[in-house]
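Both complexes below contain chain A, partnered by chain B and then by chain C.
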Partner chain A sequence: MKLSSKEQAGVVILEPKGKIMGGPDASLLHDKLHECIDSSQNQIIIDLAQVDWMNSTGLGILISSYTTLRNNGGHLKLANVTDKIKSLLTITKLVSVFEAFDSVDEAVASFK
Partner chain B sequence: MDKPVITGNTIAIPSDVEHLADVDLFIEGILRGWEVDESRIADIAISVSELVNNAICHGNKSTRDKKVSATIDREGSLVVINVTDEGTGFSPENIENPIADDNLMKEVGRGIFIVQSLMDSVDFELTSTGSKVTIKKDI
Partner chain C sequence: MNSELFTSLAYCLIGGFLIFLAITVTRDNLSNKLNRVTGGMFLCAGLGPIFVAMGTIMSGGSAASGNLEGSVLYGLHHLWEMFYPSLLLFSWIFPVDRLRKFRYQRLRYLIFIPQIMQVALLVFFGQITGIFEALRLDPGAEGLVALILKPLSGLLEWLFYLISSLRNEHTAVFGAINLFYVGAAVYFLESGRKYLSNPRLLSQTRLVLWGTRLGLGLFVVAHLGTTVLPYQFPLAIKSTLMILALLVSTGIFIAATIRYQFLDVRLILRQSFVYTVTSGLLVGAYVLIVIESKQILIGLFGEQAEVISYAFIIVILLLFQPINNWIDEIIRSMFIRTRTDHRNILQRFSRQVISQFDPKKLRVIIDDSLRTSLLVEKVLFVQFDDEVQEYAILPDEDQPRRVVIDRNDLMLRGINLLDAPAYFDSLSDFMEGSSLGERLGERGIKMILPMKDADHMLGFVGLTNKIAGYRYSSEDINLLSVLSNQMVSALTNARLYVESLERIRLQEEVNMARQIQLGLLPSEPPTVSGASIYACSTPSRTVGGDFYDFLRVNEDRIGIVIADASGKGMPAALMIAQIQAIIRSEVNNGNRIETMLKNMNQQVVSASTSEKYVTLFYGELDTANGRFYYANAGHNYPVLARANGEIEFLKEGGVVIGALPSMEYRSASVQLASDDILFLFTDGLSEAMDQNDVEYSEERIHKFVCEHRHECPDDLVASILSDMKDHDPIDPPRDDTTIIALKMNCNLQELT
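Coming up: the complex of A and B.
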């Protein structure tokens, strides 16, 4: 997995690319999310457009970040959730937890 | 063993999550060779990653010199994959329901549930050398 990030209207947008399955790739996303949280950047969007799939390790990272952000007055939102990941969120009932948007722009606008 | 070893349709890796990607590459490569559609490849790859991750972390307790193996075969229209470790096995019936309200926000504990949801069958077996999980998926 590769990971890039950018900022739009004060919101951090993380753009993972590839597969989130555990091991070094999962650590990369986990560490970046917690780096943002530690530096008080607590409005975060994960753009999943280029993520082929994730497994339970990836879901665990999303939950950990969601909970930590919420406890610090922040929010984690998802954008461009692919069908495969949407299916995984539905199976695990996490679809009821995460706010998901069809585009990054819509997700950013939701913070206003 | 200190690096992945491929023998025919089997890959064996040291018990280190850094090798998850090696197993994925191997399994997805074979499935593409069989012209399996991408959605099913993803379902199988997710399931194998869950089982190999469990075998490394829970079965072999991340002891590098213990190996995890994944073998892939075809039985007619079924893909059959065995994942083995050198651990003492576990009881799947003891796994908590990850979609119960009390467990929904737990960071771990969804792996086997996901595998059971994505695959047509999942069987657990304790062998003389460790544990073995067999998954099957109609392609």
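Coming up: the complex of A and C.
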């Protein structure tokens, strides 16, 4: 997994690319999250447009990111969730926990 | 051969060899006081026999000292007795200079006075007598001289009497002094042994001590016996004893020097000795064969005899090398202890370390080898500690605790730059502010032996000076450099071995966990009236994250669990064990399904991190009426294939277990009828991938179950597993794969 980030209207958008599979991916995402939290940016969108696959550990990373942000008074939203990941979120019922949007713009607008 | 000639020849040989030894010992390390003193000692010891031999030869073979008494040569021959003060001096500075703090160093040479006095007395006795004669007054003398000398004459008379009696009894008086010296020397050598910890040096000293004692004993019997005891030895016995005393003590000193490299004297001695013996043998052979048999040769070959003798020379020259080697071999097997020879040190070291995998024992071997073979006084190890990821000075007798070195220490960096053994002094540029440098200095480290493999330094060995303050020779440094390479490979092997042991241990632990986990799974599906059940679970690694269980809730109800913990291996297995315990206690408490999952979620959340979660499906079949109550906590939807081919999914429930706190769960129920099939699985089945990364997929499962709904549960499981194998032949599967199939029997319908 590769991770890049940008900012749009005061919201941090993280753009992982490839497969989210755990191991080094977890620490990469966590470090980035903590970096944001430390600089008081706790409204974060993960843009999953370029994530083609995610295993159970990958999903675990998303959950813990969500928990970390919420514990720090922030919010994590997902954007551009592919069908594959959407079905994963549906089966695990996490779709009710994560707010998922079809585009980054919609997700950013939801923070207003 | 007459006995006097033989005696003097023996004296000459022994004396010669002692002087040769003196030169070798001194030349080997001229700058060292110990070598100089030992050289002086051997020189004096060698002078004695030579003087005696010269005297014997000059006096025409009659009794050795008898005829010579009074001559200058006889007086000079006592010079050899300087040996005794030299021995005493030697015992003071070996193995440690115990007088080094003494302020007036030169005063120690005063112990030579008695021996000098004796020689002076014997050589100049004639002149002394003359002076006293001149000073002796006529009883009737008058005048100024008489006036001055008169009061002194009594004193002079007394002095002269003293000198003459000393002269007459010099053997007894100075013999006693010598004896005292030897006694003192033996005492000092004995007491000096407590300064020694090096096993090789201990054995050297033991040998030297025995030599001194034996020589002393024989000497006392031979030399003092004649003067102190009333019984007079025959002269022949006396000389034999003297020769024996010299032979024994010299022999032992020679053995100590060659065999144990006493005073660090190298093997040059052996080489030159061997050359001398070989040359002597060959020249002797030439003389015997060519000169002695010349007459025969001339008789046999006439004019050709000259040519034959040249031929002999050539043959003998050709024989020089093989004979030299042969003698060398003999000397080597007789004298040279394997541990003093560099090549043998290496061979022995390699043999020892090759089979040693315990780093601690390995260090003991290295320490022992360096101390015994190179006479290093102390060895200090600095090694990279994998635990703290820093270099550390390992504990030893001087420093009971491990000392971690700061990774930015300047000295450490300096040592890191080294490729070969180097003197500590040469690293003075890195001393500034370095606590490592300070410590090494305090511990008297003189030599640094870096241990480097291809890309990094494993550590280094610090060596103090050699025993008795010797510096390292270039030969030593070469040896150290080869030894350090050996150490690196030995230490690396040891580390790899320990790591492989660790891996084996971990593997064993995993196997044990696997056994425990298998114990948690039901050994066979329960027999239920009205339904037949089949279950099967294949872990991807030795310990998997999948789990299933059957529970007897009450007389009518049977509980079914299928779960999949995120991740694999040990953490997943532990989580599963927790889940199983919770379910069992919840069922025992008789909680409703939704409460049960809520409680379970809460417990798992508080016990683990949020990235670890479990997808879980729990259902209860009421065998009395065929109703199936369930809740699905984020698990792959179980498939209910009705007898008529319709498909339903059991979705109702809530979020995965263990991810988020305070989650609510809902339960639902379905009515099962005869020949309905309930098919539960984990994502190991749905996500099995072929080589094109195409998943087996839920849709294919739904279709397969629908098509095979008429099969009994075990056949259905077997056929879907073989279908999955066709899709993804990898074995064991990439992910844990668990399947439960439940089929309602016909007789149930009659019940409802």
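By our rule, the second predicted complex is superposed on the first by the 112 of 112 C-alpha atoms of A that agree within 3 Å, B and C clash if a C-alpha of one lies under 4 Å from a C-alpha of the other, contacts with A are read in each partner's own complex, and residues count from 1 in each chain.
In this text, a residue touches a chain if its C-beta (ideal position, glycine included) is under 8 Å from a C-beta of that chain, and two chains touch if they have at least 3 such contacts.
For clarity, every value in this text was computed on a predicted model and none was experimentally measured.
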**Message:** For A:94 in the superposed arrangement: first (chain B), second (chain C), both or neither?
**Reply:** both
**Request:** Kindly classify A:24 by the partners it touches after superposition: chain B alone (first), chain C alone (second), both, or neither?
**Result:** first
**Request:** Based on the superposed arrangement, let me know which partner A:5 touches: chain B (first), chain C (second), both, or neither?
**Result:** neither
**Asked** Which partner does A:50 contact after superposing on A: first (chain B), second (chain C), both, neither?
**Response** neither
**Partner, of chain C and chain B, that touches more residues belonging to chain A** = B
**Request:** Have a look at where A:60 lands relative to chain B and chain C in the superposition and call it first, second, both or neither.
**Result:** both
**Request:** Examine A:110 and indicate which partner it touches, taking first as chain B and second as chain C; both and neither are also allowed.
**Result:** neither
**Message:** For A:41, using the defined touch cut-off, is the partner it touches chain B, chain C, both, or neither? Pick first, second, both or neither.
**Reply:** neither
**Prompt:** Considering each complex separately, which residues of chain A are in contact with chain B in the first and with chain C in the second?
**Reply:** 22, 56-57, 59-61, 63-64, 67, 91-94, 97
**Asked** Tell me, which parts of chain B touch chain A in their complex?
**Response** 17-21, 24, 39, 42, 45-46, 49-50, 53, 98-99, 104-111, 113-114, 117-118
**Complete:** Interface with chain C, chain A side, in the complex: residues 22, 26, 56-57, 59-61, 63-64, 66-68, 91-94, 96-97
**Request:** Using the touch definition up top, name the residues of chain C that touch chain A in the complex.
**Result:** 564, 566-567, 609-613, 615, 632-637, 653-656, 659-660, 683
**Request:** Within their complex, state which residues of chain A touch chain B.
**Result:** 19, 21-25, 52-57, 59-61, 63-64, 67, 84, 88, 91-94, 97
